[in-house]
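Same chain, two partners: subunit A is paired with subunit B first, then with subunit C.
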Partner chain A sequence: MKRVSWGWAALLVVAALLPLLRPSGYLLDIGVNIMIFAMVAYGMNVLLGYTGQLPLAHAGFFAIGAYTVGILTLKAGWSFWLAWPAAVLLCAALGLLLGLVAFRTRGDVFAIFTLGVGVIIMLVINKWDSLTGGNEGLNGVNPPAGLEAFAQALGLKLSAGFYYLALVSLVLTVVAVARARGSTFGLSLIAIRGGEDLARSAGINVYAHKLRAMMFSTAIAGFAGGVYAVYIGFLGSAAASPAQTFTILLYLLVGGLGTLAGPLLGTALMYGLTQALQGLEDYRFLIFGPLLVVLVMFAPQGLVGLWLRERARRAVRAQGRAQAQEVNRA
Partner chain B sequence: MLEVQDLGIRFGGLHAVKDVTASIPAGQITAIIGPNGAGKSTFFNLISGFYQPTSGRIQFAGEDITRLKTHEVVSRGIARTFQTTTIYRELSVLENAMIGHRVRTRAGLLDALLRTGRERQDVQGSRDGAMAALTRVGLAAQAHLPAGALTQEGQKRVGIAMALSSDPKLLLLDEPAAGMNPEETVNLMALIRELVAGGLTVALVEHKMSLVMGLADQILVLHHGQKIAQGTPAQVSRDPAVIEAYLGSHAHGGQMGQTTPAETTLQKGGAHA
Partner chain C sequence: MTLFLQQLFNAAALGGVYALVALGLTLVYGVMRVPNFAHGGLYMLGAYFTFAGLTRLGWPYLLSLLVAALLVAAIAALMERFIFYPLRDAPHVQPMIAAIGVLFFMEAAIAHPRVFGPEFQTMPSPINTIVNVGGVTVTGQRLLVIAASVLVVFGLNYFLKRTLTGATIEAMSQNRQGARLVGIDTNRVGMLTFAISGALAAVAAALIAPINLVSPSMGEVMNLKVFAIIILGGMGSVPGAIVGAFLLAFAETFGGAYISTDFADVIGFAVLVLVLALKPQGLFRRSA
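And now, the complex of A and B:
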C-alpha cells in the first residue's frame, strides 16, 4: 500500500514539473485532454467499477457540466469559480433524479435506460436553441479569471495554466474516489457489486447507496465538464453524444474496472494511441477492434487488473518458496 | 421474541406460505422443517423482509415489522444466512464481516470525502465489530485471508460472522449444515449452542434431522406452506400429521430422528422451499 502511494506521488511530481520543461503546445494539449477524460472515467468507475452498475449517460452529464459553466459565464456573467461548483451541484442533483428512476431497474435494463437518457440529454442540448445555442453551439467561453496571471507568474503561457487547472482537478478527483473507496460507504458499494441480494440481507440500504454513488459519479462528470468548457472555449452537443460515453467506457475497460489507477492509465494509453494514429483516420478502428478483442480475451480485468493479479500470483509463489525453505530447514 | 400471525404470501395462484401463526421464543433454538417445497425458505424470506407478505402480520420484540424493508429488519436485530455459502469470496474474511456491520454505522459519502470524525470512528467501529464477530465464530486468525480460500465450513462461518456483526438478537440460518461432513456438522452445532448460550435466539431451516433433533428446543413443521405442528422434538416426532407428511400415509410406525442416527437426511437435493 505504501509503495503504491509513492508511485502516485512520483507521478504527480513528474506531471507537475512537465510544463516547466516547456513542451510543445501539442503535447500539453494531449495532457489536458487525457486528464479531463480520465476524470470522467473515474466518475464512471464509481458506478461501474465499484458498484457494478453500467451507466451510459455520462457524456450527457459531462456536457451538462460544460454547458452550465458556459451558460452561466457567458449569459449570466458569473465567474467561472462560482459557475463550476454550481455545475457540479447541478450534475449531482440531476444524477439523483436519474437514479431515483433508473435504479428501479437492474443490470442490462439499467444500462439501456441510462443510454436512452444520454441520448435525450444530447437532443435537448441540440434543440434548445435559446439556452444552448442549439446546432451553433456556445462560442467564446472565457478562461477562468486569474488563470493567465497565474501562468505568467510561473513564466508560462495560458495553456500551461489550463494544464495545472486540469491537474489539480484530476488530483482532487483521484483523492475523492480513493477516499470513497476506502470508506465504510465504499465497502458497501463493493458489497452491492458482489451481490445485491446478499448486500441487502447483510443490512445495506442498497437503493440509498446506489443513489449516492450515482450522484458522486455524475458530479465528477460535471466537474470534468466544467474544465472542458473553459479549456475548449467552444461547446457543441457532440460532447454529450453516446459515442463519447462509449469512448470513455473503452478507456475504463482498457485500464481496469474497479481499480484506482485504471481510469488514468486507460485514458492515457487509448487517448495517446488515438492521437498517434490520427493519420489513419477511421482506419484506426481496424487496430482498435482487434486490440480490444485481445484485451477482453487475455485481460478482462484491464491492464491494472492484470498487473494486480500478477502481483498476487508472485506473492503466493514467494510465500510458497518461503514455506519450502522452512520445511527444508526443519 | 418473534410472532407471526396468519402470515401468507401468494405467487400468482400459488400459496407458498399460508395462514402460518407461530412464534419463535427468545433464547432458544427453533428449527423449521418440512418436505421440499413446504415454504421454509419463503418463510425466512418473509421474516427478513425479502418478500412482502400478502397477508398476516410479523411482530418482533413487540414491534410490527411486517412492512419493513430488509435493511430496516436487520437494523431491528434480525440477521440471516443463506442456503448456499453466499459470501463475498473475493473479499477478505474481515471485509465480509465489516459489510455485516454496515447497518450499525452512519457515515456516508460526505463523511468519506471529508474524512470526518464520524467516518474514522465508523471505520474503527466496523473493524472492532467485525473482529468481535469473527472471534465468536473462531475465525479471528483468518481475518486477512480471502474468504474464498477457506474450507466449505470456514465459508459457512464467514456467513454467520457477517450476520453476527450486525449485532442481531435473532439469527436465521438457512440450511447451515448443507454440504458439510458429519464432523463439520458437529462443530457447527457446537458453535450454534455457544451463540445461544451467549444470549442469541436462533431459528434454522435444516434437512439434516440429526442436527435438528440434537439442537432444537422447538420445531415448527411446515407442509404445503401451512403449519402442521409446533412443539418440542419429542412431541413433533410423534405427531401423526408430521409422520404422514414426511413418510406418506402408507408408512407406519417409524419415528423421526430414531430411524438412523447421524446421517438421516429426510430430504436431499436442491431444496427450494
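And now, the complex of A and C:
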C-alpha cells in the first residue's frame, strides 16, 4: 500500500472511533456538516478540478437531492433508503439534461449558463409552493428507518448514527472519486482540462466525457443532499442559493483543486473557521470575498497543491544531489 | 391595446437600462476576454452611491449620478489593475472566481449594518411628472431613462467609431497582439474599458433605481440578466448587446404581463436556454 493510502486509512480509523469517545453534540454536528459539504466539494472537484469546467449550479443539485428525499419521504411515504437512491438518480438525470445544453458552449459561457440554471432551480423551489412548501420550506423530515436502532446498538445517541451515515457516505464518495480519477475516464477528463482540441485529436470524445463527468458530479451533490435532508430535518430554498455554491467553491479552492485530499481539507478548515467566527456573521463575506481573490492570485493550487509542489521540489532536489554524488564518484 | 402600449413603453425603458449595463460587460469581454462576474456589483454600487448622494448629502440628482459614475469607474479601473491584469494569462476559471470574490465583498460591504444595511430602500424620484397619453401612463423618470440611455448609447457609438481612443478599444477587441504591434498601449486600453463599463453600469443603476428599489443583492439579478443578454447577442458584440437587451426587456415585460409575474425574472433564461440549445454561438456570431 502506498503512503498516501495509509494516511487515508489512519484518518478513517480516527474518524470512525470519534463518536465512541463521547464528544459533545456540538463537535459531532460540526463533523457531520463538514462531511456533507465535503461531499459536495468532491462533486464540484470532478468538474472543476479534473475537467476544468466551472460549474455554478451545484448548490441547486444539492438542494434537488435534499428536496427529493424530503418530498418522497414526507409526501409519498417512501422509506429514506429508497428515496435516497432515487434522489441520486434524479440528480444524475438532470445533470445529463443540463450538460446536453450547457456543454454546447465552452469555458466562460458554460460557467455563466450554469450559474443561471442554479438561480432558476432556487426560484422554482421557492415558488412551487404545493410541492416544496415555497418560502416556508419543508418541515420534519424524519431520520432514516433503523438509524436510531443502529446507534442504540452501539450504545450511542441518534446524532452519532447520523455521524456514521455521513462518514460512510463520504468514504463511498472519496473511493468513487479516487477510482474514477485513476481510471481511463479520469485520465481523459484531465486531458480535456489540458486542452479540448488536443484531447479530441487524441481520440477522446470530449462531449461524452464531459457529460459523464457532469452526471457523476451532480449525482454526488444529490447524494450529499439526501444526507443533509434527513440530518437537518428542515429544508429551505436557501440551500440552493448561489451563495451556497460559492461557499463550496471557496472550500474547494482553499483545499486544492484537482487533488483528492483538497475538498475534505478545505471544507474542514473553512467550515471550522466559519463556526469559530460565528459572532462575526456580518463580516463573513467581507473576509471570504477577498480570500477568494487572494487565493486565485497567489495560491490557485490550494493547500494540498502547495504541499504537493513542495514535495515535488524536494524530490527533484534529492534527485539532483544523488546525481551529483554519482558524478563525483565517477 | 392600452395595456399593450403601456407595456411597450415600460419595456423600452427597461431595455435601455439593460443595454447600458450589458454594453459595459460586452466591451470588457471583448477587450479582456474575461466575463466580469463583479459587473453586477458595480451596478449595485452605482445605485448606492447615487442614493447616498441624494439622501445623505442632499446633492441634486444629476450631480449624484455623475459622482457615482466617476467613483464606480475608478473602482472598476482599480479592479482591472489589481486583479484582472495580474491574472490575464491564468486559466479563465481564475479571474472568474476572483470576480465572484469581489462581488461578494461588495455586497457584504454594502449590506453591513454600519454602511447601508441589508434591507430594501426607496430612492426618491427626481422627476415626478406623470403624463397621460391616450390612457398610457408615461412617468417622467421612465422618459428620462429612455432619453438618457439612447443618448449614452449614441455617445458610446460615436466614441468607439469616431475617436482615436475609442478605436483602440475596438482594435484591441479585434486582435490583442495586432493592437500591440501597431503601438496601442494595451494596458491603458484595458483600464479605460473597465472604467467605461463601470461608469455605464453606474449610470444605468442611477437611472432605474428611483423606479425599482435598491438592495445589496440587486446586482446579482442584474448580473444574470446581462450575462444572458451578452450570450444571446454573442459575447463581445456591441450591436448584439443592444439587441439582446431589448429582446430580454420585451420578453420579460410581456411575459410578466401576460403569463406570470412570479417568473418574469427567469423568462430571460428560458429564452437563453432555448437559443443556446439551437445556436450555441449566440444570435450574432462575432466574426473573429
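Just so we're on the same page, the second predicted complex is superposed on the first by the 314 of 330 C-alpha atoms of A that agree within 3 Å, B and C clash if a C-alpha of one lies under 4 Å from a C-alpha of the other, contacts with A are read in each partner's own complex, and residues count from 1 in each chain.
We adopt the following convention: contacts are C-beta pairs under 8 Å (C-beta built on N, C-alpha and C of every residue); 3 or more make two chains touch, one makes a residue touch a chain.
Because the structure is a prediction, the values reported are computed rather than measured.
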Name the contact category of A:L72: first (subunit B only), second (subunit C only), both, or neither. neither
Applying the document's definition of touch, where does A:G203 land relative to subunit B and subunit C: first, second, both, or neither? first
With both structures fitted on chain A, tell me whether subunit B or subunit C touches more of subunit A's residues. C
Give one of first, second, both or neither to describe whether A:L147 is in contact with subunit B, with subunit C, with both, or with none. neither
When the two structures are overlaid on chain A, which partner does A:A219 contact: first (subunit B), second (subunit C), both, or neither? neither
Classify the contacts of A:I112 with the two partner chains as first (subunit B alone), second (subunit C alone), both, or neither. second
Quick one: is A:I190 in contact with subunit B, with subunit C, with both, or with neither? Answer first, second, both or neither. first
Touch check for A:M297: first (subunit B), second (subunit C), both, or neither? second
According to the stated criteria, A:R179 is in contact with first (subunit B), second (subunit C), both, or neither; which is it? first
Subunit A contact footprint on subunit C (complex, rising order): 29, 34-35, 83, 86-87, 90-98, 100-109, 112-113, 220, 224, 227-228, 231, 235, 262-263, 265-266, 269, 272-273, 276-277, 280
Any idea which subunit B residues touch subunit A in the complex? 48, 50, 69-71, 74-75, 79-80, 82, 86-88, 90-91, 95, 98-100, 102-103, 105, 107-109, 111-113, 115, 119, 122-123, 126, 162-163, 166
Report the residues of subunit A in contact with subunit B in the complex, numbered from low to high. 176, 179-180, 182-188, 190-191, 194-195, 197-206, 212-213, 215-216
How about subunit A: which of its residues touch subunit C in the complex? 48, 52, 54, 101-102, 104-105, 107-109, 111-113, 115-117, 119-120, 123, 127, 242-243, 246, 249, 253, 282-286, 288-293, 296-297, 300
